[in-house]
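Shared between the two complexes below is chain A, which pairs with chain B and chain C, respectively.
Entry: the complex of A and B
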């Protein structure tokens, strides 16, 4: 249990990022529409985010500086401000979606409109941020998020033709009759959702909050190696159950209810109940992760004291910012804005900002003076370079593609 | 031991935008700008680091910069941005460490204001209890000399004859040769130790300065191979100019002697 507890930062980071409301719906949507023909994106994302999270975690452990600190330091005040505006804006939009997502999941269980739940969820999140220490927060939602494993159970129980699924996954192609730009759009949206910058903001800031140093590399790496593959596994499980239940009949899945439906088909009420617990926990985790990340980025850009380990009156601006952002997000969520469309749009645009976030991490991880003997080895550099180039291409392609496909 | 050990020291890489921490390593701000003083014909010497939105606004420039700077001037008793004299720095390495404890600093004031008026009033906001120290309480007594608010420090020798410059006044200014040839905007300043102080020794211009900023130009960042190669190319587009070749310095432009711009590998450091 103690071992599990020490892995919860990675699990919360990954579950909150791979299984947030946007992914929940997007995974089901692409599973229903494309079968497993987009599964490769999730594998690509898991490797990429794991490599960069490890790098960011290592830099944070050695230098005590989380990602946005490095962005400001290496990119200068202007470019960093552009990156800050983009990252803060997008993470804020995702926060709106997550708040609505928690409420939608509760609606699923209670049949009471999600709009009624948003104020309650907001109060709950405030209490969590205000009263619960970082590790407690991390443990509760990291562990509860494991209820999402019910999707893996459902995939097995559905007894699909694994051979055919594997063939689809291994030889991806655009299904007949589907426009290619839309397929590419969803590929980028998935990549953007699964490699979203707030993961490294949160993970590296969490590493600093934990007080990790070079002596905690093993723990940090275990967090990365367990957390992100687990997140990827859950994402794939959602794609699989949607592919099995919806793809053959050509049904579309574009709601939380549709995401959970295959589980109840496979496992009945118990499965559905577990799925709802998992979805509520994962979206609350994602809410905390996005909310904290908006605070981390701003505080680190300006050099404010930040963090949950700081006494409140030591990091007063940081805490005030969290409160203001949370209230603003709740206000926007109450306008009945469609959280699903909002989040697909946000993660897609988020993909365009990725190089700006990952470049400084890669650079500082190679800084002899800052990192000494702990700087990147050849493996981290090769994979890091590959992803930097890939993300730059994605970034350049993102905006024109949005215009062509009008967001799917 | 002097805090600054690098010689030469490139301010964009080593000082500007670095995190500023107190003696315990707790963050207190970032190096948002630098103040220099120039007496008579000597090259300007670094006197202090500036922090806070007012200083940052000057770095950002434009309308946005004015808005940010304006936010920094909301304090009723504003007398320039928070400032710490270089002599009160403990260490300048991968971050800038002050010799003082954060509770003894009169800034950041917005942190204290938000604490006293907003956060401290919400139930559950525990007061700090670090050794019974009241934050800021003893600032007047224990404040080390020279760490006061802007205007009080860094004024240098009391003779008052020194000309005061900020890094933001210089950086971004177009550099031209006397003949009119444009050398691009000023992107970095090179400082050299001169006795106890650091003086501006050279100017760096050109588009390749990204290599300096990221740390590739001086061999501190050694990978990955693709970026090293790209940055080596970028470096060729920077020009280094010795301070002695400076002819005229105004708010709009910096004029230097013809042929003053040396590319790396052409003799200049």
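Entry: the complex of A and C
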């Protein structure tokens, strides 16, 4: 039981970050539009994020310092500032989307406009961040987020032609009538949604909050090996149910309501209730993660005391920043900006900034002075370099694609 | 400003032209027949996809497989999508020679908007019988949208 409880950081990171509002919407959208034609992106993302989260967790466990703390030291203040600006801006956008995502999920259960829920969700998030300890936070939302497994249940209950789905997934191609740039746009958006930079920042900062050392490698790796594949499984399940219910009839799925609809088709009201609980838990988890990550990155860059393990008055700038960022995000969400378009835009831009996040992790994980015998081996370096090259290409292609496809 | 700090005289004018172009882009006429036709096709495709999604939501509601609240939210969003698509296309200035396209597309979008409104009202009243009636009407409308899409694509 204790070992199971120790996996909650990975589960929270996976359910809250891998399955955040960006992923929920993008998975349903691509499932409805392309069937399982983009499932390969999810598999690619799971391996990539697991490799880099392991590196970031290892760095945090060996040095006692999270990734961003070392970024400035190793890459210099100027490059680190570019990284900070990109990460902070992007994570801030995602925080707006996550807050709205929680409200949209509650709207499904109440039919009261999501705008009315945003202030209440903001207060709830503030109380959680202020009052609940880190482990309590991750256990509650990690466990509640497991309700998202209802999408796997729904996929099985729909009784799809698994052979056809597997063939669809194994032979990716641009469906007839679909423009190639749009297909590539959604592939990149999916990658951006599933390899969001804040996952790495949160996981490595969480490792420090837990006080992990080299002795906790097994625990850390178990978190990576359970958490991220679980996130990938949930993402695929959302794609499968959307592919089965929406793709054959040509329906579009570009909302939280449409993401949950296939579950009610498959399992009725019980399934829908579980889906709503899971979506609320996942988006609250993601809200906490994005909020904490904005504080982590800024505090770690400037060398302020940070984290929930610190006394509040000692980490006063970190805590003040969290409050300011939360209020600003709530203010933006209340402007009636379309949260779904914002989400798609944010995850796509996120893809453009991915190398800024992952390059420093790779550099620090190879640093003999910092890592000693625990520095990257050949396998981690080969996979890490492959992903870095891939993410750089994605990053270069992202902005022109955004213009060509007018955001999908 | 240039790097040396001197103001470049042409900059404000260029900025003004760009801002004017941006401001008028929303209400300006579509320049070519092809553009207008492409926008008509995109609007009909959007309508077709929204109708298909609404049908799935209605089937779940009629079969008692979803909550009244979630059905109401889904259908309200679909009504907004159709209404927005209708307004956006109807407000576009058609170039000469495209009146037939406009005549085919705008009434369909208007009708769909009205039907979606009726569906939303019935869903808010949890009137399952009325929803079942409207499901049939929506199916028939979906068929006509498909036909119109074929015509406009030609």
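FYI, the second predicted complex is superposed on the first by the 408 of 408 C-alpha atoms of A that agree within 3 Å, B and C clash if a C-alpha of one lies under 4 Å from a C-alpha of the other, contacts with A are read in each partner's own complex, and residues count from 1 in each chain.
The definition used in the following text is that a contact is a pair of C-beta atoms (placed from the backbone, for glycine too) under 8 Å apart; a residue touches a chain by one contact, two chains touch by 3 or more.
All of these numbers come straight from a predicted model, not from anything done at the bench.
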Inset, instruction - May I ask you to decide whether A:246 touches chain B, chain C, both, or neither, giving the answer as first, second, both or neither? - result: second
Legend entry - Partner chain(s) touched by A:153 [first = chain B, second = chain C, both, neither]: neither
Inset, instruction - Look at A:302 in the shared chain and tell me whether it touches chain B only, chain C only, both, or neither; answer first, second, both or neither. - result: first
Inset, instruction - Name the contact category of A:63: first (chain B only), second (chain C only), both, or neither. - result: first
Inset, instruction - Examine A:272 and indicate which partner it touches, taking first as chain B and second as chain C; both and neither are also allowed. - result: second
Inset, instruction - Identify the partner contact of A:81: answer first if only chain B is touched, second if only chain C is, both if each is, neither if none is. - result: first
Inset, instruction - Report for A:109: first if it touches chain B alone, second if chain C alone, otherwise both or neither. - result: second
Inset, instruction - Provide the residue numbers of chain A that touch chain B in the complex, in ascending order. - result: 63-65, 69, 72-78, 80-81, 130-131, 302-306, 311-317, 319-320, 362-364, 366-370, 375-376, 381-382, 384-385, 388-389
Inset, instruction - In the complex, go through chain A and note every residue touching chain C. - result: 107-111, 245-246, 249-253, 255, 257-258, 260-261, 264-265, 267-269, 272-273, 276
Legend entry - Footprint of chain A on chain B - complex, ascending: 12, 16-20, 25-30, 32, 51, 53, 56, 59-60, 64, 93-95, 108, 110-112, 114-115, 118-120, 122, 124-130, 135, 213-215, 219-227
Legend entry - Touching residues on chain C, where the partner in the complex is chain A: 46, 48-50, 52-53, 55-57, 59-60, 64-70, 72-74, 77
